[in-house]
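Across the two complexes that follow, subunit A remains constant while its partner is subunit B and subsequently subunit C.
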Partner chain A sequence: MNQYVNKKFSNQYKATIGADFLTKEVQFEDRLFTLQIWDTAGQERFQSLGVAFYRGADCCVLVYDVNSMKSFDNLNNWREEFLIQASPSDPDNFPFVLLGNKVDVDDGNSRVVSEKKAKAWCASKGNIPYFETSAKDGTNVEEAFQCIVKNALKNEPEEELYVPDTVDVVGGNRAQRSSGCC
Partner chain B sequence: MLPDGGADDEERWLAEGIAGVQQNAFYMHRALDSNNLKDALKYSAQMLSELRTSRLSPHKYYDLYMRAFDEMRKLEMFFREETRRGSCSVVDLYELVQHAGNVLPRLYLLCTVGSVYIKSKEAPAKDVLKDLVEMCRGIQHPLRGLFLRSYLSQISRDKLPDIGSEYEGDADSINDAVEFVLQNFIEMNKLWVRMQHQGPVREKEKRGKERNELRDLVGKNLHVLSQIEGVDLDMYKETVLPRILEQVVNCKDELAQFYLMDCIIQVFPDEYHLQTLETLLSAFPQLQPNVDIKTVLSQLMDRLSSYAAASPEVLPEFLQVEAFAKFSNAIGKVIEAQVDMPVVGAVTLYVSLLTFTLRVHPDRLDYVDQVLGACVKKLSGNAKLEDSRATKQIVALLSAPLEKYSNIVTALELSNYPRVMDYLDNSTTKVMALVIIQSIMKNTTCISTSDKIEALFDLIKGLIKDMDGAQDDELDDEDFKEEQNSVARLIHMLHNDDHEEMLKILCTVQKHILQGGPKRLPFTVPSLVFSALKLVRRLQGQDGDVIGEDVPATPKKIFQILHQTIEALSCVPSPELALRLYLQCAEDSKAQITAIHLIIGTLQRMSIFGVENRDTLTHKTTGYSAKLLKKPDQCRAVYACSHLFWTDDQDGIMDGERVLLCLKRALRIANAAQQMANVTRGSSGSVALFIEILNKYLYFFEKGIPEITNTVIQDLIELIRTEKQSENSVADPSTEAFFASTLRYIEFQKQKGGSIGEKYEQIKTT
Partner chain C sequence: MEDPTGNNPSDAPPPDSPPEKRFASLSLPPDFEIQEDDDDDEGYLTAVSRGGSITSATAAWKDDLEDADVAPPSPSSSGYAGERGTSLASSAAANDDPEPQPDDDWPRDKKHLHEDDTSASWRKRKKHFFILSNSGKPIYSRYGDEHKLAGFSATLQAIISFVENSGDHIKFVRAAKHQIVFLVKGPIYLVCISCTEESYEGLRGQLELMYGQMLLILTKSVNRCFEKNPKFDMAPLLGGTDAVFLSLIHAFSWNPATFLHAYTCLPLAQSTRQAASAVLQDIADSGVLFALLMCEHKVISLVGAQKAILHPDDIFLLSNFILSSESFRTSESFSPICLPRYNSMAFLYAYVHFFDENTYLTLLTARSDAFYDLKDSRSRIQNVLLKANVLVEVQRSLRESALRIEDLPADPSSQSVSPPPQFSQDVHSQLLSSEMAIGGPAGLWHFIYKSIYLDQYVSSEFPLIISNPKQQKRLYKAYQKLYASMHDKATGPHKTQFRRDEDYVLFCWITQDFELYAAFNPLADKSQAIKVCNRVCQWIRDLENEIFVYGESTLSW
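Right, the complex of A and B next:
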């Protein structure tokens, strides 16, 4: 998220408390949108108020660490939890985007989740778009967000768009909402 | 505080609130669509008035807040458009929204316009922020105040005059950003703490719960601080950390202190903690006595040790800041300050410190021992630990070095290791003993000196013998078997290539396992027996010269040990096992017999040795022969030795005297065997020995050894007859047949005539 919005990246681990929130103006098909990006805390103990901000999201971005099987295995939980909490009107067609992050680590040598495996998961959840990203060097971050915006806008009839987010240091996920506006 | 309403009531109030927000939002949208600023302000203020409710729990209030928040984003866009179009200046707007009648909606609106104001850059961000953070003092109701300030924090999140941000002002603007967040944090914490002290006492618990739900609103500020680019180590050290800690310590609120310390540790980077350890740790003893310091402190140590493990290049920094000493010191102080801390708390702290030490200073065994020593000191007031959680932690404490070093030998060097174990109850002592044995097995650690084994057996004594007051009855049979099998396996891991040391090891093991009592012996004795036999084989496998009087490790001694050990089984109802073990030992002596016969056969054919060497060799061989375990074997080996002194080759040795000596000796042994057999009503085996010897006599008789006369043979035949008759048992047919055919042979030779016939002539066979 920080890479996308501020072009910044920090290697240091800093826990997120509550929901982190950033906005970014994006140009899409000649229109200007303000994207609201919400990043959830990866640790449950820093989510004391719950996730009321899921509601009204236009897109949900799930992020896992390609070097951690556990983060990949957790995706199902995050997705289901999102659908329960956000209760979108058409859960089967709610836009998700999956990012396999940290592909830069150790030149990919420590990678444990293959692209094939991730894509298979995406296919099983109704063809979720998938991107392999590096928040550190910015690989695919812009492309991923373009896709996020596109999917969020498709969902516009819902009035509000949700967009999920990016860089998960702990391997959790984030939801983001974006409100489209000119 | 919230009135006591059922969950249903609360749902209803929330629904009403949401309806209010939605309705006003609808009119607000219409006003926005028609660029009607006045109506937009009016309806947004009415919408925000829904947030004035006192009836909702934090969770529900958050839900309502989020709905209003979403609507406010649209209003903010509108404000921005308005100011861009120039239809209303942002300064005017900032004034205008202050006309809202109610303070809460007014401040939400003000914050929203403030956001636009900063974005417009018509005033320095720091001035606007400062104004807003001051104005928010207008709300002193904790719940509403916390959410309002949280709103301020959210809308200002990307507008802080941070380094590199577009709102960066003059050189000091980073200070303004930090100051703004700190101030908001302090105000929020005050509201949060005050909440505890408002309202009726009977709702205290409920308040605690609600406060807990709200904690992230306060902690969020620390997260924001950690995200500010300009907060470098210096600023963190000089300003941020001291200011936060000051607030944490001074608020004197347990919940806040516990949570915020946790936040500090989690949101700021590892290297900051490392470089400010002293400051951070100094806060701990100042916290309220009931704060769960051990959890927080453990988390800090865990974090830093993970940091060290992941980035070995930072290790010098750990040394430089003396991290171990600081933690060790801080833990001591905390334990001292918190008199009521249960033992489990203290031990948990030591576990964390130990984990830290093992990861950061794996080479400092003295640190490890120091931690264990501190733990012993803490435990010293107590008898054996009863608290199962505490014992669990002790097991963790004692297991950590084993896992780290994968070598029990290292742990054996820790003087405090056994002392900590002394505080465990019997069953935990066993658990720990099994952990130790498993570690040895897993790492195939070889323990090679009797001293270390002595220390090891002390550690695992729970498995070796009955402990005082132990109730083994409750122990499952299966478990017991498993335990003792572990001990048995362990015995095989004790090894030294040096025979003398190996013998000492065997003695040490013997000493310990013989204390095991009838239940354990059947499991442990076999291992020792096999281990000892292995040594015997090794002794045999080497140069025979070691068998001197001054060499301690001789097969004889080992067999003595074996004998003692197996004899111990006599008190155990398992004669079969004892027998099998004896047989195993005998099995070994069979190998010796084979070896001796091979030696004899080889030596007999060798002509290369000089007289002296040959003499030595034959002497040794006969010596060994007479030392075999069983009499019949001795006997057979000794008579076989007779061949060493009579060879048919040219220039071969022909020493009839010594041939006779061997045979006579064999006879004596056979005699002794016979006596033993009589005593034990044994078999007729010994008569067979005599007959075998007779055959040897005949052989040498035919060779013409002068010392072997027909009288000697005649006497022997008579002896055999007597022995046969005296044997009260039924004669063994094979012995009978053997004797009969020997006599037939003599008759046959007689009839042959010639010189042989003459020789035999005088021997009577009937």
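Right, the complex of A and C next:
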């Protein structure tokens, strides 16, 4: 995420405390968008942010480490957890993107999850787009985020006109003055 | 329909020219750095375009400070400044200097769009206001570009969400000098981050008004948008209303209506006000729900249809909306607005017409096709107001009718020793030199009187000793604190409070009928102060027919 927003990468392992928030402006098809990127913590002890935390997400990006089978195996849990918490109106078509990260490590020699295996998982979940990335050298990071924007916008509902009601005086819609709050 | 946009960015001077230009008279260095002095009011956008019709320097100076009620006494209008007791001789002399020239060009766009949460200047701001959606999308920020603050908004949402997740609600967080106050209104979150030492209750009340202002523009129907689509981006719906919110935030530091929940009237002879009220009543046929004649933020006359009661907060939010949106001044307008205390779910339509620089008529109706009817009504009203000389009287009152502490009638019991106050100025000043040596009678500097029954308040003009906006703001903050402590739900309500600190003696007295807030010289004697407060109350009772609007009459509609 830092690579994408700030073109920076920190080698130092730093556990995300709950969540990190970054913003990035992206141009997509001649329009400028502000991406609000929420990086939630992987550790279970940070799993307390709750339902409201995922509310209104436009896209969910799952990231695993191609050098760790456990991180790949956990993807199912993460995906389900997100769908439960965010409860999007159409869970089957909610946009996910999968990133296989750390492809740079050891020139790929320590890799344990193959591209084929990852793509098969994506296919089984309704053709989730897949990118192999390196946060360290920036490989595919830009491309992945362009895809994220595209997918997020795909689900954007048609803009509706904002037309509130008018006070109905005849129908006795008069709110009596309340002296309750403040 | 008029777009409420009052702020055309292309007309705005560069945002980084120093806004303190308006304090030029205080001889700040030209390179004065705003961040250093960041006064929490700094983001204020002047409400109005003043055109070229201001002729006297006095009026211009008052205008520059937004309001005659809180403007410093203008030395040239009463000639009074030179007659103060000797202890004030030097400051009085200083006032012989030319009037400060108002700077109509001071920056109107003071939102500092280049800032975000990584800027040192942004972090140093004394008072931030944020509105965001419950999915963390930014809707409004007082400083900086909302888009760039998306990450910060998400953080605020995460904090609220974290606490909600444990079945609780977050009210505020204290962090050293800073207080972060949260207000959750369904899908809308409002947050204030402040190091101004205002009370939690005070800041929360300000957030309530921010929410009310938002409802006035959009109604509570926005909630439906979030029900349909939690990702809903609400910011575009508020497009062009920055000036309204900046003016509201400015009002938090100068307009007592924001914490007293009462409105104030323009002092007028009873007959003049009756003439105005009679003609407002006369327009019942055009389907008017409320008719309001106002001068700046002061009510001249107010008439409502049967059973319809206008809440003081609605009056305040409506007048703030009208006064801060420049387009209302340029032509007659018809705009949908919502009165949150009357009916927060739906729109009314407001016909607005300015008769002059500061006097305007607002006719509220539920009929979206009433424009031409209301235009006719306005023209009838205008004829009567002109014939009865109301508009001229309004201007005269603006210039002359402020309540001055110096005019407080002497204690009837001591009249044998002190001459009655209505004297030639020479005698008057001699009398005052003893009494005024410490500021005013018994050291009285200023007061606000709120009639509980009428939901109206009056406040005295500021004396020289509290003549600059900063001092006035400090006094209002002290009043706000006093108000909060008097109305404290846990320990109150209280009846009286006498508090002395290095700046003032503050005295508050609450009865069934009124609330009195008074500020005295810090050396003031307690028993004298209480006596003077009794005199103030008597004085208000003597003047009540002129300074309050009575018998809020109803339209038979």
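By definition in this document, the second predicted complex is superposed on the first by the 153 of 182 C-alpha atoms of A that agree within 3 Å, B and C clash if a C-alpha of one lies under 4 Å from a C-alpha of the other, contacts with A are read in each partner's own complex, and residues count from 1 in each chain.
Here, a residue touches a chain if its C-beta (ideal position, glycine included) is under 8 Å from a C-beta of that chain, and two chains touch if they have at least 3 such contacts.
Please read all numbers here as calculations on a predicted model, not as lab measurements.
After overlaying the two complexes on the shared chain, residue contacts for A:36 are found with subunit B and with subunit C alike. Contacts of A:22 after superposition on the shared chain: both subunit B and subunit C are touched. Of the two partner chains, subunit C is the only one touched by A:57; subunit B is not. By the touch criterion stated above, A:83 is placed in contact with neither subunit B nor subunit C.
When the shared chain is aligned, no partner comes close enough to touch A:105: not subunit B, not subunit C. In the superposition on chain A, the residues of subunit A contacting both subunit B and subunit C are 18, 21-23, 34, 36, 48-50, 52-53, 55-56, 160, 177, 181. The residues of subunit B lying in touch with subunit A in their complex are 58-59, 62-63, 65-67, 70, 73-74, 77, 154, 157-158, 212-217, 219-220, 222-223, 226-227, 229, 262-263, 266-271. Of all the residues in subunit A, the ones that touch subunit C in their complex are 18-19, 21-23, 25, 34-38, 48-53, 55-58, 156-157, 160, 162, 164-169, 173-178, 181-182.
Those residues of subunit A lying in contact with subunit B across their complex are 2, 5, 8, 10, 12-18, 20-23, 34, 36, 41, 43, 45-50, 52-53, 55-56, 160, 177, 179, 181. Looking at the complex, you find that subunit C touches subunit A at residues 133-137, 147-155, 157-158, 160-162, 164-165, 204-205, 208, 218-219, 221-222, 225, 228-232, 237, 261, 289, 305, 307-309, 311, 336, 338, 341-349, 366, 368.
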